[in-house]
Amino acid sequence: MGCGAQDVVAALRAAADTVAEHRVELTDLDRPIGDADHGENMNRGFTALVASLDGGAPETPGAVLKLAATTLISKVGGAAGPLYGTAFLRAATAVGQASELNSAAVVTALRAGLDGVVARGKAEVGDATMVDALAPAVEAAQAATSDGIAAVLAAAADAADAGADSTIPLVARKGRASYLGQRSAGHLDPGARSTALLLRTFAASAGVAR
Amino acid sequence: MGCGAQDVVAALRAAADTVAEHRVELTDLDRPIGDADHGENMNRGFTALVASLDGGAPETPGAVLKLAATTLISKVGGAAGPLYGTAFLRAATAVGQASELNSAAVVTALRAGLDGVVARGKAEVGDATMVDALAPAVEAAQAATSDGIAAVLAAAADAADAGADSTIPLVARKGRASYLGQRSAGHLDPGARSTALLLRTFAASAGVAR
Amino acid sequence: MKKIINDPATVVADSLAGLAAAHADLVRVEYDPDIVVRADSPARGVSVISGGGSGHEPLHVGFVGPGMLHGAVPGPVFTSPTPDAVQAAISATTGDAGALLLVKNYTGDVLNFETAAELASADGLDVRNVVIDDDVAVADSTFTAGRRGVGGTVLLEKIVGAAAERGDDLDAVEAVARSVVERVRSIGVALTAPTVPHVGEPSFDLGPNEIEFGIGIHGEPGRERLGAEPAQALVERMLAALTDDMPLERGDEVVLFTNSMGGTPLLEVYLAHGIAERLLAERGVRVVRRLVGPYITSLEMQGISLTVMRTDDRLTELWDAPVNTPALRWGV
Amino acid sequence: MKKIINDPATVVADSLAGLAAAHADLVRVEYDPDIVVRADSPARGVSVISGGGSGHEPLHVGFVGPGMLHGAVPGPVFTSPTPDAVQAAISATTGDAGALLLVKNYTGDVLNFETAAELASADGLDVRNVVIDDDVAVADSTFTAGRRGVGGTVLLEKIVGAAAERGDDLDAVEAVARSVVERVRSIGVALTAPTVPHVGEPSFDLGPNEIEFGIGIHGEPGRERLGAEPAQALVERMLAALTDDMPLERGDEVVLFTNSMGGTPLLEVYLAHGIAERLLAERGVRVVRRLVGPYITSLEMQGISLTVMRTDDRLTELWDAPVNTPALRWGV
């Protein structure tokens, strides 16, 4: 029932596919309230990550997460690069050297990722950023800890979807969208959407694996 | 039956009105095969000419024509400015100090104008320029000399109309339109059109005056 | 989308190849990660480095050379460079005197440059950041990402580069930078949208009679949409936005920078500049130096920005100091 | 049409006011007729004057100053100035050494400058015309108005200005000018059309995937319409047009000028320049000097032109000579 390095690799590869599929959608979300590059940024990073993984994946979940972190930091660019990079880096540190993660470790990793995003970006829930998807996802994951990894991630994905949708009416207070003031209301935040997509993919990957 | 300075002034004022009315048309003709300014150029020049005439017109037809020449040379710009300016200058010289022009003098003035345009611009009939309107107009005027000024100008205007239309199938060999090569065919030359418009206006003005 | 490019994926590197060929006497280009450094680097004193997304040329790569930047880090179009690229520029140019990173205030730039500075500091180098946030279009508050860095960046890079060239130490160079940031304000307006190569469509939609007032340099939306208006009214509105934020008094000396956003005819840029000069003169403000032209652009976006910096003899002297870069050159 | 102007009728004069304010140290502007002359005129030696329709800025007004033009005569947008304006520039700058008028080969410019030179000669001044017709897009024959003057004009003005500054007499200055005209060729391409302020609509229609190959600087149609193609193929096509007309051999030394037509991002201009450099290097042609940027534009038109001049030590020395104008500056 645990999650090994191969499972993390599979989840990240699936995430890369998801990002590629939703590249245009993410960029389009970034058009009215940002600079129309979020899909390109994410796709550049995940394409590079797949190339790294093809070159030979590390042997622990933590090391795989760390590889993801450094690749995303150096390839995504924009605001999303350091934020997602930090999230994966903190998650990697949180899970340490373990060769398998149980559901509690997955929750810990998610929470560490959220803490990293908040530490770097200083956004709070309600600022209309990826935090609005990630924060409720962590709470939902926590509540589902005892139901196993697949359930933890499914709960996180559901909460992230709702959290992403919650950004629509909000006035953005962080990132480029904040330049718009009131005009940022009425738009789904692209980073919140990509967070929800990633978690949904991880959940699906966990569901298949188990 | 002669044409005095006041008649020339009246004809030039009428010409200014015509140019203003056809400003957009002339510019539109200059768009596909030129630089979309012939109407503006002509209008700038004739507006200035009216202002000069408002300041007090000279007392002989020749002096009025000379005022028109210097005003057009200094205000029209483009190719049309020196060409029309030279035409009026040569016409002015041709009519000399006479206080009234008879129809033979009008024909002489027209021919001198044509000679001036050809001397400056080196275009021949068939090059798709204002010469294609002016040259047949002079021949027609010549043929009508004995019928009086109004008839001379009416004949010139008719021939100029036909001459202008004859530029449509032609490949331009002078002026900006020549840069187009074969693509210049199928377009009415703006300078030929303005020449025809001016002659039609002069004819109408002579018809009213007499 | 029609563009003179081969492939959106290689547009920045392909363009840098042209820069390298055209200005081999001034700059050297390294690829992957892409950086532009002075042909005569490393710096003897403090290294001054800037960077950010590409598409704002000549900023920053055109400002590398004696008297201005030691290194520039061009990211993908409109996207912050990553920390490894910033680190490469730091290692290529920085010695014991340390480096100052001039960072435009965008979340992405700030996060990526911060990360790079942290990594470089871990290597024992004294590397600091100064963030420029001169765009008055954005209300500066804890409720936004803060003001953007725009036209003031050009003045900042020139003046800070001159301080480093003079031999100021890192504390002094940093102090000059902070003083410029404090004294400079900008406001921009767009008539059309830019098209990012890898996106292929205009970044926003503007009606045939609309302008975006308070535009950013990535086509981020501005303060408000307005109907097009005559240049006189537009420039008055722009100057009002600047002086509402940074009041100018009779006798104040300023540097006035009228910038083209890229696609606006120079004829119009000078026209706007003339209006701004006249309006400032009417208020008794003394324009002592000026810069007019496309220096910080947003690809083919049509529009202009106005930047005003309150200056003094000390800053004006640094402005006047010789500079020899692809895009800015005087005194040499 | 959205433009940063007050009134199409006053756009040139309004813009000149901004130029005058921005560069009072270099140029003086007179109005009605509009001319731009050096702040330090009249010329001690031969006066070098150019002009033509406005809308090509910085050409010609931005090239007035020590080492380049003594006077520029800006006509209305895309329309030749009238002889009285040219005469005003002649009288303001010309002494006993005479003047050379550099005229781009357009019927209007040639006729108006010819008339002015005739009138000035009647006043006892030695005033001559040199016509530049470097555009290979136009077949030069008695069946056309002849080749247009385009990018080569910038090189001509720089080099001839340097010869005059050096103290060459009118014969020598004229000889330098004719030698440049003989050795310089250009070709341009447009991606979009310019909009003339008093017209208010784009000068021509291009489909979303069409380019105009062999464009003139007024949006005159070119040689042919093509489908958009990658930069590599486009630059190859442009260089082929140049070398078909003026063959270049291994070892030839050239000045390469990659010009922006106004609205093209500098990112793309440098990209095209890099390709041209590589293609020339592959043929063994030595690019010894280069110029890259918007120097002879067509308002907001997107596109580029390539200009190649076969040079020698004598011309390269004149190219390198100090120049200090609003738009071109080095060596000072």
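Per-chain residue numbering starts at 1, and chain names A, B, C and D are given in the order in which the chains are listed.
Methods note: contacts are C-beta pairs under 8 Å (C-beta built on N, C-alpha and C of every residue); 3 or more make two chains touch, one makes a residue touch a chain.
Keep in mind that what you see is a predicted model, and the values were worked out from it rather than measured.
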### Contact-graph separation of subunit A and subunit C, given in steps at minimum
1
### Query
So which chains are sitting against subunit A and subunit D at once?
C
### Message
On a CA-centroid basis, which chain has its centre farthest from subunit B's?
### Response
A
### Message
Going by the contact definition above, tell me which chain pair has the most C-beta pairs touching.
### Response
C-D
### Message
Using mean CA coordinates as chain centres, what's the gap between subunit A and subunit B in Å?
### Response
75
### Task
Compute the distance, rounded to whole Å, between the mean C-alpha positions of subunit B and subunit C.
54
### Message
Using mean CA coordinates as chain centres, what's the gap between subunit B and subunit D in Å?
### Response
32
### Computed distance of Cα centres, subunit D from subunit C, in Å
29
## Note on the structure
In subunit A, the residues touching two or more other chains are none
### Query
Which word fits how the chains touch one another: line, ring, star, complete or other?
line
### Query
Mind giving me all the chain pairs that touch?
A-C, B-D, C-D
## Note on the structure
Listed in rising order, subunit C residues that touch subunit D in their complex are 2-7, 11-12, 14-22, 54-55, 57-58, 62, 77, 191-192, 194, 208-209, 211, 228, 230-232, 234, 258, 262-275, 277-278, 287, 290, 292, 294, 297, 299-300, 302, 304, 326, 329-332
### Query
Which residues of subunit A touch subunit C in the complex?
27, 31-37, 40-41, 44, 73-83, 120-121, 173-176, 178-181, 183
### Query
Tell me, which parts of subunit D touch subunit B in their complex?
53, 75-76, 78-84, 106-108, 111-112, 114-115, 137-139, 143-145, 148, 196, 198-199, 201, 203-204, 216, 218-223
